[in-house]
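One structure, as structure tokens, below. Some questions next.
Labels A, B and C are assigned to the chains in the order they are written; within every chain, residues are numbered from 1.
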């Protein structure tokens, strides 16, 4: 455990030393804040119009037409847009995690230290996850402040953040696996984009497939498992799905380290 | 195999496709020896060291370091060895102190022990001036010394040095030689080099590799000192030239 | 070589998938890219396998085999976890009003569902929207409720047109009947479920002929909403012209007297009395300014209503014609079956209600106006309901502030050994079309019906439409503050990054 934590610390030092880390943090904080604010503002305008229209109709006052609610108007688009931003930045964060060791030839030092492949892979995965927690935490500052100051329901907002965090773990696992397999950072990033996009949403593929395949593809799509969070539902299925993807990425990355020693 | 051998290599092969990087290599290194690995570029010195340190797997053969099998007990072996790679590449984002602390931590040194060892190594290897600078920003000479310090922070039983003086100026080479001599007081040292004088001056025994095979193995005196080894080199060179024409 | 092929495959895959994702369909360019990516990936794998075969032997090959086994294990573990995840249904509803948690009432209905219902939901199978999440909750709550999700593309053009016209996405089939669900809220879906699962019905007979609001009346003062609600929950309703009948018909289990404008004939009163003596059930609504019927019968049991108006200026519906005359009431007796499930947080709203007078210990009040309410006398003194001049306001009612009873019940054993039950409300407007859907009015009315029908065990609070979900209005000033925070956070991070970078440069 101590050895793994040592690797985590080293990787975090490396991550926070790189400009990409700060660019990612800034991009996420800026985009999520602006998406959230824009959507909230549009929603607010709609409520305002509605309230003006129904102010003298006692029964209608305070009630909202179907579909006009915090989830559909604010959280869902914010989470969808932020998910795309995460998809764009996470491969940039993960591309170097394993790959850079090879290109800079620091792997010779790392792989001759008394660290098992599991410890090395776990250290790198954990460090990336810790960094992503920071990314999502900073990006969620504004929604959290807004919710607290405007009596918005905190439940769906917290659920949305949890969804984004789980999604970012899954995307990071894909990125880390690609980094472990690829020869160069460019290939690592490109393949991470390709795989992430492939499993982001399979709906376009369903026109070619049958019923059962549809269900399987739908279940495997990342976005299918993001639907509940912005609506305030945390489902164990979604948590286990994302955990499964994360674990799969980790196990395969570990194997790739073993393969590296064969060369 | 003799008792007291720290490194035992038997029938070692390493293939890269049709190319035999190492072919049927067998030798032993005794406790406390300074052992030289000699050979021209591409003769298989680095491949051999990489296998001995567990960085790469052999294709066939058996390797035991510090009494343990390098494949089955890889972690235990790596706990007992230190390795300074050729052209040492250091983590650019860590300071020298941070790097030494990282290696110490991985080897399980206590915080207090780490601190005392870092101070000791800094003064011993003359790293005081750069100890809080980024390791990647240091000069080549410093990088070699930092890498050496990282290799020995946990006082390993065997230290593997791959071309430790390559690219260093005469003064730095001299300093490195001194460090190797001091190291050999506590550990077995395996040193690869293509500098015959260096091996002649530092090592008690040496192995000359030629295209992955053992060309010569024995005590420096038996090999005829630096001049004897040079003769081996000359012969292999001429043979290669003949084959090319 | 394998790496090069793999890189090319990645480029093709990224552009193929990106194109398909952005356009939400697979065009020729996307398909071409994907086919190319597939070929390149297969080639890359073949090249690497061949090279491993050629390059590795002995120990290395063993290691390769071991790595392949580990890869297999990793893939199997991942697949097993994903498969296990698909079987789990547990979840947490983090919304404040728990809008995805079916109400007790709905769950009870679904648990005891007497028929099989096949629900067909038309929607994009890939989109797990709020509506689908809700309908899935129904399917999870009962084995007899089966859900099928159908993509709009799978429908015949005719079915698609029909669907578009009806605006419905959900159709229920049961026992050869089909019914479209007009809106996707728990309430509406539940009511359609109830349509299919009629229980042994209780018949309510609405007394007519004295200017009572009509069961079919669709205007504000009509009772068509209540009528629909009763029907959906499995009750039968009929009009009752008591003057033309020798007695209350045998099948009338509950007689509803909904604030008649004219007095009843003495014969009608007698028939009601004999109905009650036989263990009948009476639901009486009264209104200020109208006769309380059957007043004598009620008075004998210790209940009457004073012809005055309960006014609560502190807590009443906004925008009423006369201020405070539509009090919002949330004081319920905790142990009474009629108000079971109603609490301080679940208010009802009355309109022009008269206070009840309860004498003795038999009548039990169950809903009271607030402490801030008061009584306002009609301009020309009150009538007690039977047309006679009443005495001035009784002493106990003269106090300045409420609470005043607005609903009461009474149970009485009859000579025949049956139990007669009466529920009296000091208002009828709260049950009319205008107010029945407001707040928890329908629960109060329906609870009274269930109580009178001896079905107290089925008294539950009905699900409320989720569009009541609170949405606070945010002032412009607050938005301005948020905007500055939105820019401040990234700015701070960038500055931090620059400081860190400059510090490192000096190291």
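Structure notes:
FYI, a residue touches a chain if its C-beta (ideal position, glycine included) is under 8 Å from a C-beta of that chain, and two chains touch if they have at least 3 such contacts.
Just so you know, these numbers come straight off a predicted model, no measurement behind them.
Summarising the inter-chain layout, the chain whose CA centre lies farthest from the centre of chain A is B. Two chain pairs, A-B and A-C, are compared here, and A-C has more C-beta pairs in contact (counted per touch definition above). Every chain gets a centre from its CA atoms, and the centre nearest the mean of all protein CA atoms is that of A.
Chain B and chain C have centres, each the mean of its CA atoms, that are 76 Å apart. Note: centroid distance chain A to chain B, computed from Cα atoms, is 44 Å. Our note on geometry: chain A versus chain C, Cα centroid distance of 34 Å, whole angstroms.
For chain C, the set of residues touching two or more other chains reads 56, 60, 63, 504. In chain A, the residues touching two or more other chains are 17, 261-262. Those residues of chain B in touch with two or more other chains are numbered 57, 93. Partner chain A is touched in their complex by these residues of chain C: 3, 6-7, 9-11, 13-14, 17-18, 20-21, 23-26, 37, 56, 60, 63-64, 66-67, 70-71, 73-75, 77-78, 81-82, 84-86, 88-96, 99-100, 124-130, 133, 151, 153, 183-185, 317-320, 326, 434-435, 437-438, 465-474, 478-479, 482-483, 485-487, 489-490, 493-494, 496-497, 500-501, 504. Contacts from chain B toward chain C in the complex involve residues 13, 15-18, 57-61, 71, 93, 95, 132-134, 137. Touching chain A in their complex are the following residues of chain B: 50, 53-57, 75-76, 78-79, 81, 83, 85, 87-94, 98, 102-103, 105-108, 147, 150. Every residue of chain A that touches chain B in the complex is listed here, in rising order: 2-3, 6-7, 9-10, 13-14, 17-18, 104-106, 108-109, 111-116, 261-263.
Interface residues of chain C, counted against chain B in their complex, comprise 51, 54-60, 63, 504, 507.
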